[in-house]
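Take a look at the structures listed below.
Across the two complexes that follow, chain A remains constant while its partner is chain B and subsequently chain C.
Now for the complex of A and B:
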């Protein structure tokens, strides 16, 4: 355009056309980005937690759902497995979480002191453990194996020593173990 | 266009603008509070109000199955970082009088001549927690239990305040040439062990954890072994059992020896 020797007298019309094109383009970009976010939100499970649940961090150990003997994996009547865990400075209890393959797992965890993070390597399980609130996640493990579960939220000076393991075992073996113990873990 | 006619139903622009805004509001409310909650898998709502309240973040307390109750006494102490923060002079004085009955094992100024813990300068929260656990039976000891059961809540607060007020033994490690044990300085991150000092005072203090410098080696070793074997279970949510279970017997020895080093004057006192 700038190389053109003529001076166009329909400059206003050119400008209006360019403006319309750019406006259209930016609206398309916004719609695409919003659409990607909505699609990912609905189909890739990148949703915030459905329910807000609370738990008093100072009395977790005294009774209720997060008392130490109730932590670990529990087989539910509907065939799913609920895993309960707490994060504290500087360990997870239980230190080794035992889960079966091919089973819907509900992970319920909270913190008894500061903000911790719960991340299971090799999976998309990743959440914060905020004192006062119960973090709930669902997961499903396809293959037997072992995953690391480090604290991924700096929780103070011993943070680097804080992690647990998740051991995935065959579903039949797991269900066998539930017959004589109501809460399972793999702490040695 | 005059000012009166702007907010009039006859003004087409006004109707359109309000209509679009209200429509957007309704649409986002329906999508955010109803459509998206129902789009999630693994969730069942009892009613549409349940879905709306959940999406709006109304807190709920729900715990499905009956919890497995412990068949042993767990610690019932509520430990917070701000507990027993500012003791009164009266409380400290009362604690000093009460402490006379403790002196035979824990020393007249809280520095033990036996293998009982030194209490001088100990964190008040740590002393209070152990006394309370002895009283409740969460921690059992043939000597301490009978003493503790007769203490009132105020007695425990006062004793903790008194011992916390006494000057503590300074950290003293005569073998400066030798590096401090790795387990003390760094912990063992590969085995889920944080450095001892990240809770026990050298780096940071986790409320309820004791100061360890100058404690008897025999005492530290015995307690670590008891945590590792599960014989002692009054640590809240296994916070110390998780650590001790992962330690090797050699590391337990190293730690006990390291913390047990005491400055010369207290050595003299204990050998007199």
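Now for the complex of A and C:
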């Protein structure tokens, strides 16, 4: 260094000050981002499932909530709707899920073989299906309509063909249908 | 002082050789799933190609670059001949043999399980054994980096460790520890099942182990790029590094906080509860900090250099930067891609926003932009910078190098921006075929076609890259002088022990991994009846 020690120290101090200001700002940005995420989570805007539940994929078809006759949409006494579904290579059961508008929906789903996933296009419904475990998530559909529901995780060579549908219908029409069928779907 | 030139060249040639092959597979995949190609007669070909592309680009290519660059750093920064060169060659050959062992069953269609493994799908055992050999080969490098630094410190008591070597060794420790997750999954879960010793496997636990590796591995890929930002870029533009301690802090933060955050890859998984998902989400936000610090330090470095060259004005100094220099250009283009990719990453880190794009094409777009874009363009820059010192011949075609870098940048943007967009529309990833005649998918057709053309541009760029290296072989011999790294404006004279060694930070890295992963792993280990039957691929044909 040819500059005098005094000037050197000044320059170093200015540099360190600028650096500290930026570091402080960076930390503030990160705290705000994490804070917003925590706030949204605590206010239930979207929350991951709290508990871990298990289901044996080798006995799904014999008994328990995922037997074939129990799959589809069920109206609950508290006015909500529970949808039960399973993924298997290379389809979902039911292949067309029927849900009402303006109703709290609980989706309970699992896999009977390998890892699958499902997402409902045009919504933020998106979950993995891991064999051995039950995926639980809640949703509410505002408008009637149809959505595609592809498998979103590679599940071997037929993965590209694993697409289901979700049909959202008017709440009154849905509730009418529940009077003569215990479990609803829109498979034709 | 580069004594181990043949060793380093071997690493770079093998790295870019396999990179070129995997890039062709990637471009082919972009093509066959776009509307440019009608139904692919056998979708299995696509998943075979995808497994090879991911395995090579994720495990083999960046590992070899980090290792080759690491040996160069050890010799040039420490000014000390590499200790353990024979071991280094053993590591190199383990990787070469491992890569071939893994790729033979993949190319035969016996292990189309993708590079993420995801059991209970189980492929041919040689695929997994090959991957393990690659990792073991790289662990030899980790040990050698540690030993070389240790010997240097013994001979230079109290002296500051050069920043390049400090960062290089931090990166090696990061890799050693992050690879443990996948190693546990492979050795204790997958390989026994693949060999037929067991027939069931806990798929949820395997996903947790894999997430331990899958996020921090990204920072292992990133470290050579950041080393280039801090220790090559300032020297290449004729300047000096703005702050040496801030650089050390950035690498320390990567070492400590890139590990205990991997469960953000499992936000949508049923086998992890909400609590640990939140903790991992918050820690993921923290990992943005070293990048924010780096952006400041490198931009300040560029500004100081530009003003020394006569640049003026609040933004006018940007014009004074040496834009014709390939390292300058690569760093600037890398920063642009890092900016877009980082913004996308902040979206992925929050559980709430992730639900919209989880496992859609957005995710593939995201990591191609960060890894293939921001990171790999600096691998090119490192190669260009180092090459004359390795071959003893000058790189003469600066225009060709600039064209190559621009093409890579344009190709990456054209590939990944539409890729992000179709992800937002809900297009799932890893599919061999899409029926664009369906009204619900027709909107994606244009974007996917654009992405495919982006892929072709990337192939064109890689051809130019090889042309630059091949031209170098015919260039006249030239003495390149000593290979040196950038010095700081205020070089450290003495450093506190915490900024000059890794022990405390390794302890924190391991400790935070245990607190953030220990409970979820223990809970899954004690939960009964979570193992499910394995599904062997290739068995049903």
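List of remarks:
Basically, the second predicted complex is superposed on the first by the 151 of 188 C-alpha atoms of A that agree within 3 Å, B and C clash if a C-alpha of one lies under 4 Å from a C-alpha of the other, contacts with A are read in each partner's own complex, and residues count from 1 in each chain.
By our rule, a residue touches a chain if its C-beta (ideal position, glycine included) is under 8 Å from a C-beta of that chain, and two chains touch if they have at least 3 such contacts.
Remember, predicted model here, so these are calculated numbers, not experimental data.
In the superposition on chain A, contact is made by A:104 with chain B only, not with chain C. Which of chain B and chain C touches more residues of chain A: that partner is C.
With both structures placed on the common chain, the touch criterion links A:53 to chain B and to chain C.
In the superposition on chain A, A:22 makes contact with chain C only, not with chain B.
Look at A:41: by the touch rule set out above, it reaches both chain B and chain C. Contacts of A:157 after superposition: both chain B and chain C are touched. In the superposition on chain A, A:177 makes contact with neither chain B nor chain C. In the three-chain superposition model, chain A touches both chain B and chain C at residues 41, 45, 47, 50-54, 58, 89, 113, 156-161.
Taken in their complex, chain A has these residues touching chain C: 8, 11-12, 15-16, 18-19, 22-23, 26-27, 29-30, 33-34, 36-38, 40-41, 45-54, 56-58, 89, 110, 113-115, 117, 119-122, 124-136, 148, 150-161. Chain B makes touch with chain A in their complex at residues 36-37, 39-43, 54-55, 57-65, 67-71, 74-76, 78-80, 187-189, 192-195, 198-199, 203-204, 206, 236-239, 242-243, 245-246. Residues 41-42, 45, 47, 50-55, 58-71, 74, 76, 82, 86, 88-95, 104, 106, 112-113, 138, 156-164, 182-183, 187-188 of chain A touch chain B in their complex.
The residues of chain C lying in touch with chain A in their complex are 43-44, 46-47, 112, 114, 118, 120-121, 202-204, 207, 242-243, 246, 266-274, 277-278, 281-282, 285-286, 288-289, 292-293, 296-297, 300, 346, 349-352, 354-356, 358-360, 425-426, 428-434, 440-441, 489-490, 523, 527, 529-533, 535, 537.
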